[in-house]
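Shared between the two complexes below is chain A, which has chain B as its partner in the first and chain C in the second.
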Partner chain A sequence: MASTSTTATVADDVEAEAFKRLYPEQFFDRFLGEGVRPDGRPLGRARAVTIGAGAITSADGSALVKVGRTSVLAGVRLELIRPDETTPGQGQLALNVELAPFSSPDYRPGRSATDAVSGVVEKLQAALLSGKDTVLLNTLCVAEGKAAWKAQLDVYVLDADGCVTDAVLLASIAALRNTRLPLVRNTKEGNYVPARRAEEGAAGLVEGCPRSVGLGRCPLALTCCLYKQHVLVDPTADEERLAECAVTVVVDQGGRLQGVYKAGGKVLADAATLLKCTEAARLRHKELSGLLEQSLQMGAEAAAER
Partner chain B sequence: METDAKAGPGPGSAAARARGRLPTQLRTLVCERAVLDRADGSAKWSAEGSCVLAAVYGPRQARIQREDAERAVVEVVYKPRAGLQGPEHKALEAEIRGVLEGVIPLGLHPRTSIMVVLQVIQEDGSVLACALNAAAAALVDAGVPLSSMFASVSCALASEGGLLLDPDAAEEQAALARFTFALPYHFDLTTKGAAAKAEAAEGGGEAVVSSAVLGARCGGDFSPEALLEALALCRAGCGRVAAFGRLSLAKSLQALGGQ
Partner chain C sequence: MVGVFGPRQSEVKLGFTDTGRLNCEVRYTSFAAARASKAEQGQAEAAAAQALSQALEASAQLERFPKAVFDVSAMVLEAGGADAAVLVTAASAALADAGVELHDLVSAVQVVKCGGQLLLDPSLEEGGAAEGSLLLAAMASTGEVTHMEVRGRWGDGELREGLELALGGCGQLRGAVREALLAGMEERAGGA
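And then the complex of A and B:
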């Protein structure tokens, strides 16, 4: 008796999987008709997020972020440089986003892999560096015209299950907030070098050198998919592929918009839909910033123990 | 072939713009069609300082790796005015491809590819809008079926708080936020009287611009209210671009008929 019921459920599973493969739209519509999505979420609910600030101990700042199954790892590496002559009072921030080969079934090696994340890089660049007040580059300056920090922010997308931009931006912000800038020592020869821990309080330390990366604003993104008349908040990769129409909104802590992107697609977004997306992004920002603070605090405590 | 789009009332400061342009005034548009011999369709779209040349190839046999058994694939190549393609250009390509996929009925041409090559010739602000309009004109020239026409216009939120339509590079640089919208439009020839029809046949007539957005690309620092205002202003601008596009098409068809 037991064996027959097992075979029945297996057959049902196979049938559901086959139905999903053969008729993805009908499969999806059946769920949406009931007001839920295939993973059990209502249409307006975003996925659960975990933020692990300080995930890599060897990095100067890092964060591992999971949004549902989408996983992104961001790390910051610091380097003392002589500032650029055109901007003597500023440090530098270099961004790099990479897609791991195992992150997505659509991954193709070679140039197309970098093309796939070019949109993400561009949005990250716009969110962090286009405004003068997001990443405050002057807080990376140690001695004007002589020494400044160059922060190399590398982001690795480990699992791309939808909303990669949102996760990448969240991980980047978390990693930058998690970064502790070491003290800097001015040697007898006049060179600036990072001070090791034992040397703290020793002679030759540069006075008032920065300890953290200054962030004037905290931009976070939320992507919504438009599918027929529905707005799906925080879609998975399957939903993104099916809807072919996404609106990404970047907001800061004050609810000001920093970016609204809609890359064409089959569905048009009227003003009401755009407002709905921005409102959802604001709510999501509130939710995420709480988690972010919590995680950063835990990361700082863990770092203090080491 | 030139039309000078006159300004209507709208938001924006009375700050002097280059060449005494009003805040809601577009730059002079020029569109040349069928400029390339070897392409299936081509168009050159310019708005004074900005100019983009678009070529359309296809629908033609798709490369095996790209081929889709159920629909056509759209490929977009965006060539910057100078230098190599960077990630921002790749992102623009994706943006333009999305907009084109929204208006081309892809199911009509399975297993084919439609390639749109955009070469920026001059760059002086609102380049994305210019590229989108060039692509639209080239698609029409190539005779690719479209489910709807679309027009694109940029605007910028000036630091004094007013919106400036169709900004040039200096205005974009100084702006707090930059907006580009692509909106679908059509001409309503059914409800109007015979007089209106006759007028429309001569290339006049009012474009009905959708209030819903096909593509949007906005960045900077702005409030949701500013976003909606920008959308309304761009919508008005798109109406004028649409009217110009129709006029230019009618004129080029007339020129062909006269030969």
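And then the complex of A and C:
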């Protein structure tokens, strides 16, 4: 008796899997008709997030972020440079996003991994560097016209299961805030070099050099999918593939809009839908910023122990 | 982290082979290690990829997959010493997890000689200060070595001692990998 029931469930499993592959839309519609999604979430719920600030000890600042199965690793590497002549009082921030080959089943060897994420880089660039009040580049300046930090922010997408932009932006913010700028020493020859930890308090240190990257705002993103008449918050890769269009909303800590992206698609979004997405993004920002503070605190404590 | 794709059809330009091939690719994150330049990093990546494919080739039953290619792509998130050994172990585990038929799991360890002492699985500082290093990749259940690299000056006795230490390490590691694979399978079976 027991054996027959187990074979029945196995057959059901196989059938469900086959059904999903052959008729993804019908498979999906059945769930949505009940008001749930294939992974058991209601339509309006985002996935659980974990943030690990300071995950990589060899980087100057880093964060590992997971949104459901989507995993993103961001790291900052610092370098002392002579500031650009046109902006003597500013440092630089270089952004780069890369997709690991094993992050997505759509990846094919030979295709450049950066093509797939060029849209993400653009959004990241807009969120962090446009408007000049998000990342405050003047806080990266050590001595005007002479020395400034160049922060190289590299983001690696390790597992792309939907909402890559959201995770990339969150990881970038966490990594930047996790970054500690070392003290800078002015050598006898007049060169500026980063001081090692043992030299703290030694002669020749530059007075009042910055210790952290200044962030005027804290932009975070939330992606929603529009599928038929439904709005799916924080979709997985499967859902993104099915849905005709996605709306990404970037808001800052005050709930102010910093960017809305709707990349074409067959479905037209009306004002009410966009407002709904914005509202969801504001709620998500509150949730995430709490987690972010907590994780940064833990990261700082761990760094102090080392 | 390591991912495996395949089998896929081999590219025509590479000619016909009646056995499968492993196509290994290794990437370091830019902040994985303090490195001077991009070129240096590229060299390290190429060298690591070569060592990886050499260490794994013998373990996979490639004759069962004629004309096919497996893509093994690895990414080093943080280099904290003995990267090459960890790469091999992780890639072998990924191959097994992907269901590629293997003769046995390959596990690899690094042993360094530091001030007359042998250290198993060195940290970055220990690796930098070492006078000699030994990288051993082995199929531990049969005790067969797939790949070995020895650098620096080693005496006969020292080398034997180092080998024994490394083989012991491989055995331990193989047990751990096996357990992790089994746990992963059970989890998936439970989730489905």
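Convention: the second predicted complex is superposed on the first by the 302 of 306 C-alpha atoms of A that agree within 3 Å, B and C clash if a C-alpha of one lies under 4 Å from a C-alpha of the other, contacts with A are read in each partner's own complex, and residues count from 1 in each chain.
Throughout what follows, a contact is a pair of C-beta atoms (placed from the backbone, for glycine too) under 8 Å apart; a residue touches a chain by one contact, two chains touch by 3 or more.
Computed from a prediction, not measured in an experiment: that's the story for all the values here.
With chain A as the common reference, the superposed partners chain B and chain C fit together side by side. For the combined arrangement built by superposing the two complexes, chain A sits at the apex of an angle of 120 degrees to chain B and chain C, based on C-alpha centres and given in steps of 10. Once the two complexes are overlaid on the shared chain, A:Phe102 sits against chain C while remaining clear of chain B. In the superposition on chain A, A:Arg77 makes contact with chain C only, not with chain B. In the superposed pair of complexes, A:Ala271 makes contact with chain B only, with no contact to chain C.
In the superposition on chain A, A:Ile56 makes contact with chain C only, while chain B stays out of contact range.
In the superposition on chain A, A:Glu293 makes contact with neither chain B nor chain C. More residues of chain A lie in contact with B than with the other chain of the pair chain B and chain C. Touch criterion met: A:Asp154 reaches chain C, while chain B stays clear of it. The superposed arrangement places chain B and chain C with a least CA-CA distance of 14 Å. Comparing the two interfaces of chain A, the one with chain B and the one with chain C have no residue in common. Against chain A, in their complex, chain B makes its touches with residues 87-88, 90-91, 94-102, 182, 184, 210-224, 226-228, 231. Of all the residues in chain A, the ones that touch chain B in their complex are 114-115, 118-119, 121-123, 125-126, 130-131, 244-245, 247, 256-266, 268-271, 273-275, 278.
Of all the residues in chain A, the ones that touch chain C in their complex are 13, 56-60, 62, 73, 75-77, 96, 100-103, 107, 109, 152, 154, 156, 158.
Every residue of chain C that touches chain A in the complex is listed here, in rising order: 1-5, 23, 25, 27, 29-34, 71, 73, 75, 77-80, 192.
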